[in-house]
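Chains here go by letter, A, B and C, matching the order in which they are written, and residues are numbered from 1 within each.
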Amino acid sequence: MAEPLLSATGLIKRFGGLVATDNVSIDVRPGEIHALIGPNGAGKTTLVSQLTGNLRPDTGTIHFAGRDITHLPMHARVRLGLARSFQITSVLREFTALDNVALAVQAHAGHSFRFLADTRRDESLRAPARRGLEAVGLPARANTPASALSHGEQRQLEIAMALAGDPKLLLLDEPMAGMGVEESQRMIGFLQGLKDRRGMLLIEHDMDAVFQLADRITVLVYGRAIASGTPAEIRANAEVRQAYLGEGDA
Amino acid sequence: MSFIASLRTPRGLITALLLVILAVLPLLTQAFDQRYLLSIGTRIVIWAIAAVSLNMILGYGGLVSFGHAVFFGIGGYAVGILSHHGVASGWIQWPVAIIAATLWAALVGALSLRTRGLYFIMITLAFAQLVFYVGGGLEAYGADDGLNISRSRFPGVIDLRDKASFYWLCFALLCGTLWFCSRFANSRFGLVIRGAKSNDLRMTALGFPVFRYRLAAFTLSGAFGGLAGILLANEGAYISPAMMSWVKSGDLIVIVVLGGMGTLFGPLYGTIAFFVLEESLKPILDLFHKGWGEYWQIVFGPMLVLIALYAKGGIDSLFGSPKEWRRHG
Amino acid sequence: MDYLLLQMLNGVQLGLLMFLLAAGLTLTFGIMDLVNLAHGSLYMMGAYIAWTLIGWTDSFVLGALLALPATFLLGIVVEAVVMRRLYVRDHLEQVLATFGLILFFNELVRVIWGPAGKSIAVPAFLNRTVEILPGVPYPAYRFAIIVVGAVVAVLLAWLVARTRIGMLIRAGASNRRMIGALGINIELLFSLVFGLGAVFAGLAGLMAAPLTSVKIGMGDDILILAFVIIVIGGIGSIKGAFVAAMVVGQIDIVGRAFLPDLLKTFLSASAASSAAPAISQVLIYVVMAGVLVWRPTGLFGQRT
């Protein structure tokens, strides 16, 4: 089996008396989709925040692509190829869709201490950005301000931004949230197409999507990983059925 | 959009007219024998440089720095102190002053940009106060009363004592500052700064070390602010802590907001409007009742409240949406 | 030794005055999310109103007591006319509007009371010294400020910790939406809190008046110190404001009292006396910078 791309070991994060992440270990291998599921308040977002560098774990280590990144700031992790999308749509609303992706491309194109040249005429940024928009199916909306895009389009734009640096690993925080059935299906197809080239950690409430996409699933309840395994193993796991899937899936 | 084509829009036309008037102002004031107006014009141009520099971080970066007048003080004191000790050459004074302003901006930025929101506003204010008190404590340089200085010397190049020459120098520097700002706003660097104003967490998650870019912008803004300080000290041949009182910092914020935040010419419109208001409110109030003009701020204060509440976008937005300045592609 | 004690008491007295000013600021910051630069104007108005009322009543105590409800009313009016419209605005707009209010109030004072400063005499019954330790006299008026300041600080602590209003204030400071959810009349609560802050500011202003003088812009410089205090203490925290006010008071007074002698060892006397206040001010800002490097949200501020 391939070396894990991302591996977090023994993460603990406390907020006051609350243990939001209770000794969680999780890994993602290249080319696999590892889904993280759990009821609301299970600590999924806190865990993702530690993986991306938004929060520091109290104890535990995080390795990515063979490096210890536990103490690296967020922007440095992104540079190494660990990209994320946000649960709440997070695009730069004042900028056009193309500007958004071009900025994401720029983030990976060396430093930005360039003060004079017009970036909007910089084909080394604009061309990859246009390709990125095409890949997610938004080429027609290139010059539309992000604030004027529909919710589903903003989610697509967000994925295009996350993909701009050709990341090794994508952390997708509820990419299907707020999408209609049709849009979700398109997104699932799209994510499946990405899978060969990069690992993905998927946080998603839509169980259909999770069981369609995931190679492995980890179940988080009250900050603890109570089970981890293939979709079939998770379906069969009594503890999971009781704690999480409940009678809804029975 | 080309420069010529931009003249067909109201914004372009008005701006071009304004720049032409400013360019020939010394000729106009001489023709109409209004020397006083040239001195106001000079101060407008100097303040506009400071406002453009504040706009780089406040308008484009969304960072409410409440201590920008400190760069008036640092630029001014660097010139004044050197001149007081017999270093009269502008070739030495000016670089030293700009370096001093830049270093101070880098230090304050490094400390204050770690904080957010109200903390940032208050810390930039507090650091400006710190320098203000230091200025007031410098017995050797006049303490609170300030110091008369002689103007910087550029032998054989320009004589700053000549009002018109000095005005044109200031105007040329304003044009240079505006040119830089127009490039900056659409550069890679400018887009990072503007993106961070829109959503700094998103920019970090894209892989930008936002702090570093903001620090650089803050420092750059301080350097241009220092330039304005140099000019201000030379304009009055005088330095004092009052140059950098916090009210002056407030005035600069007012100017930027009044003119239109994050727009290229907004700070220039704002400065002109501010000075015109100041100079015209007094006679207007005096028309109603002799002596009321002295109390012009009692009208100006509530006007600021109204501007804050209802004038989002500032003067620049009166000319319509600024999209003709943007290029798509 | 006695001199040190006296100066430290002066520091406590100054700290308590600044705490009164900072308490109102930190409450409006914490609860209404409002940057109110015009808080110093309320301090100034408190002093001017007291000057007039003391003149009318010919009694310091009576005039001061009447000035308090007057500043409360002024606070309520300012809140209703301007502040209420600013709560939902961003900080920049608040800065701009309240900056405009400062200009307005400074000019208003000039129109009403004229450009020259006023002075309020120390009331006769306090114009003496008290023996705080055997053989150590201390001006009774300054001592009275300490007593009043301490009483108000205790009252405020009690109000915030023990009463229903205090509960709402604490709830509001940690979660603004929650008060709405509790079905409380938010507008009334905000009015009251703002009025309360105005009273504290006015009280500080009128108590400081006999020690300094009543003049235009008197609130502006001390306001910035009050901002420094709430930034050091952590925005929204009364406890933080108190601790920081005490620290700043000590630095300021002790710096003013002892630095001149220290500086005279290597500076001329006049240079030392003009540099000392500047250095003690600088020290305050250095402390603030240090605190913020260590804790970007102040000593007792909420970590984000």
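Simple rule for what comes next: a contact is a pair of C-beta atoms (placed from the backbone, for glycine too) under 8 Å apart; a residue touches a chain by one contact, two chains touch by 3 or more.
By chain, with names taken from UniProt: A = ABC transporter ATP-binding protein; B, C = Branched-chain amino acid ABC transporter permease.
Keep in mind it's a predicted model, so treat the numbers as computed, not measured.
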Work out per-chain C-alpha centres and flag the one nearest the whole-protein C-alpha centre.
B
Farthest chain from subunit C by C-alpha centroid distance is chain A
Expressed in whole Å, how far the mean CA point of subunit A lies from that of subunit B is 43
Cα-centroid distance, subunit B relative to subunit C, in whole angstrom
32
Rounded to the nearest Å, the gap separating the Cα centres of subunit A and subunit C is 49
Counting only contacts in the complex, subunit B reaches subunit C at residues 58, 64, 66, 111-112, 114-119, 121-123, 125-127, 129-130, 133-134, 136-140, 143, 246-247, 250, 253-254, 257, 294-298, 300-305, 307-309
Subunit B residues touching subunit A - in the complex, by the definition given at the top:
180, 183-184, 186-192, 194-195, 198-199, 201-210, 213, 216, 326-329
Touching subunit B in the complex: which residues of subunit C?
29, 35, 37, 82, 85-86, 89, 91-97, 99-108, 110-111, 220, 224, 227-228, 230-231, 235, 268, 270-271, 274-279, 281-282, 285-286, 288-289, 292-293, 296-298, 304
Subunit A to subunit B touching residues, read off their complex:
52, 54, 73-76, 78-79, 83-84, 86, 90-96, 98-99, 103-104, 106-108, 112-122, 126, 143, 161, 164-165
